[in-house]
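Presented sequentially are two complexes of subunit A, the first with subunit B as partner and the second with subunit C.
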Partner chain A sequence: MRAYAAILLLALVAACIPVAVWTLAYFVAPKFPNPTKATNYECGITSPGEAREKFHVRYYLIAVMFLVFDVESVFLFPFAVQFKELALFGIIEIGIFLFLLLFGYFYIWKKGALNWE
Partner chain B sequence: MTAMTLTQSFVTALLQIVVLALFVFVAVPVIVFAERKVIGYVQLRLGYTRIAGGLHGVTGGLNRLMWWMGKLPFFSILRGFPSFIADGIKLFTKEDIVPEKADWWVFHFAPAISVVAAFTVLGIVSFSPAPLWTWPAAVPIVGGLPFAGVISDVNVGLLMLVGVASVGVYGIVLGGWASNSKYPLLGGLRSAAQIVSYEVPLTFSLLVPVVLSGTLNFTQMSQYLSGAPIQTSAGPAQMPALAILPLFIGFFIYLTCGFAETNRVPFDLPEAETELVAGFHTEYTGMKFGLFYLAEYANMIIVAAVAAAFFLGGHHFLPFGLQRFIPPSVPVVGGASFGWFLLWMALILFSYLWVRATLPRYRYDQLMHVGWKWLIPLSLANLCLAALVRYFA
Partner chain C sequence: MENALAFIGRNFFLIFGLMAVGAAVAMVFSKSAVHSVLSFLFAMLSIAGCYLSLQAEFVGVAQILVYAGGIVVLFLFVVMLVELTRFKEAGGIFHVQTPWAVVAVLGACAVFIYVFRGLIFDPASKDALVLKPELAQGLDVASQNAQAVSRGLFAEYLLPFEILSVILLVALVAAVAIAKQERA
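Moving on, here comes the complex of A and B:
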């Protein structure tokens, strides 16, 4: 447990870095607020409305595909570690698993989900 | 070694963390300096040798210092290095502007997430197999205890590393979203899509040494790559000669994905300045921008460290198991040490700069094409090759 406690401690100490930086910058940095300065940077043009509008669906598509592959790679970790122990059984098991995944992969490829146009 | 008390292990860990943070804060200016110098020399320029500000004030002092460095035989090549002091002062003394439309809390916390994720990952990296030094007995609490080269050498090191490192993408995407401005939002989205796309082949290529050795631990992996037999929870393992093939392919896939993960050239699309100004950190000023910058360089250090530990020599002189041809009795090159690890890391970091000086940027559709249609099948095939080598060897 102490091994993980050390990492938690590291995360806490690392969290102090931004806090220290904010505090120091708060006292050191100059402050000349100005309504024009607080507007968004859009190459000098007055920004019309919000930036958080609809964006292209392909970003969601990438996110969903990533989720599938990431979960898959998490499943591959125990297989990889215990590969020698599982022997032939493990190879067949992971073969079926990978086959199903690759089937889906080529399906989305053929569907054109991997094209970025 | 006798068991440590709770106070002792707490103080030991705290000291290690402080040293690690100092290491990063020293390494980042060195990498920034090396970056500008190496690219300068590649393009037949001198790189920077002075800073703006003439001979007055702090910048003047630094300029005078650099002028004197130019006069000295060895230091002349390091001319320009002291300007990191000026960089630091400038980052701190710039006005901290938060755009009116921005989400105040998220805007502030986004760079913090990136920094915390990057530093936390560094705690798992094993820099040295042996303790770096032993505290003298005179030191209170930790006197006589070793100072290990790793904060926490956990068994599931690689899994934890992949998990924690991917938290860093939140910093980028939240930074882009919180700015509520069009360029940062687009930059953040692009960056997130790029990072998640390349994370898949990155993980697959990292699984190659795991399949071969059956361990996720940094120290054991380094031992395995030196050709020595190791004892893992999944039984004994020793590197077969054929393992060099999947490791070699995996190393190049890993390095490519590592470049994309850290948003570096040739995959620095989120910062494609002709299209997106400065990408997700367009609206960031002062030290909040500095935190993103720090996180990016810390991530480069992580990529280099993982490449060193899982593909190259790790703590040894020769990579890919070639170390077995050098008997351990040979001084310096025969043993495992912190120095070799630093050398391998430096080589990977140099390759970052080399690539940046050489290659142009990819187009975004090319980036996605390479990631999804080439690297994923290639890394999977390579993983199968590694599995075959492990099964039959």
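Moving on, here comes the complex of A and C:
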């Protein structure tokens, strides 16, 4: 656990810096708000609507693919650290696991879902 | 000061657990969906801290990789995909949900107590949670817990592990089915 003291210290410092900057800005900065200042862009093209619009469902496929292969990589790690002890049996096991997921990947590929039309 | 630091050092699990509960409450009660997702991220990171304070380093890092990385990204995508302004206009939708949500929470609590009643009322049944000696044999579990996970995963729980790949495959195929439907 002692090894994590450095990470904890880093997190504390990282949390302190923005709080300190905000507090300083709150006391030091002059405040004269007006409607023009409050707009998103003071100059340039005026924004045509809200940012919260519906995105295309195709992004969902990308997100799920990322998640699936993220989970896969987590399961590869315990295999890798015990590679010698697991020997051939482990290679067959992880082979079945990877085959099924690569099958899914090629399925997506062949379906043409990766093409951005 | 010295005592306070020692207290914090002894009770990391408690501190991270309280942080996780606080973030979960903030997640449920925040008005904005994006703020909910960010609270969820904080809760997941706090739970990773819980795992680390229990010396389960592999599970802790996997928690950060999968939940704080993957699941939060998925939730953010869902927030982007759903037209939230329509729910705001409807307004009443949450009034319909509230009694059902209360029923669901009470049901979940009942199941949780039923499953863990032994642990709460009978300390002797903690054996199920203790690491099996054959998994720890020849390993320094505090620093080699990925190896201990590996022994369990690739020997005792082989079938669930292989079924898991089928479940992941189902998720991929389902995502294709949803995304392709749009074009046809």
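Some notes on this structure:
Here is the rule we use: the second predicted complex is superposed on the first by the 99 of 117 C-alpha atoms of A that agree within 3 Å, B and C clash if a C-alpha of one lies under 4 Å from a C-alpha of the other, contacts with A are read in each partner's own complex, and residues count from 1 in each chain.
Criterion: a contact is a pair of C-beta atoms (placed from the backbone, for glycine too) under 8 Å apart; a residue touches a chain by one contact, two chains touch by 3 or more.
These numbers come from a predicted model, not from an experiment.
In the superposed model, A:Ala63 lies in contact with both subunit B and subunit C.
Once chain A of one complex is fitted onto chain A of the other, the partner contacts of A:Ala6 are limited to subunit B, with no touch recorded for subunit C. Once chain A of one complex is fitted onto chain A of the other, the partner contacts of A:Lys111 are limited to subunit C, with no touch recorded for subunit B.
By the touch criterion defined above, A:Ala29 reaches subunit B but does not reach subunit C. Greater residue coverage of subunit A by touch, when subunit B is weighed against subunit C, goes to B. Look at A:Gln82: by the touch rule set out above, it reaches both subunit B and subunit C.
Within the superposed three-chain model, A:Glu93 lies in touch with subunit C and out of touch with subunit B [touch as defined at top]. Within subunit A, the residues touched by subunit B in the first complex and by subunit C in the second are 4, 50, 52, 55, 59, 62-63, 65-66, 70, 73, 77, 81-82, 85, 105, 117.
By the touch criterion stated above, subunit A contacts subunit C in their complex at residues 1, 4, 50, 52-68, 70-75, 77-79, 81-82, 85-86, 89-90, 93, 96-97, 100-101, 103-105, 107-108, 111, 113, 117.
Partner subunit A is touched in their complex by these residues of subunit B: 9-10, 13-14, 16-18, 20-21, 92-101, 108, 111-112, 115-116, 119-120, 122-124, 151-154, 159-160, 162, 177, 179-186, 189, 192-193, 196-197, 199-200, 203-204, 207, 210-211, 214-216, 232-235, 237, 277, 282-283, 286-288, 290-291, 364-365, 368-369, 372-373, 376, 380, 383, 387, 390-391.
Contact residues on subunit A toward subunit B in their complex (touch as defined above): 2-7, 9-11, 13-15, 17-19, 21-22, 24-26, 28-32, 35, 37-43, 47, 50-52, 55, 59, 62-63, 65-66, 69-70, 73, 76-77, 80-85, 87, 91, 94, 98, 102, 105, 109, 114-117. Against subunit A, in their complex, subunit C makes its touches with residues 12, 52-53, 55, 58, 62, 65-66, 69-71, 73-74, 77-78, 80-85, 144, 146-147, 149-151, 153-154, 158, 161-162, 164-166, 168-169, 171-176, 178-180, 182-183.
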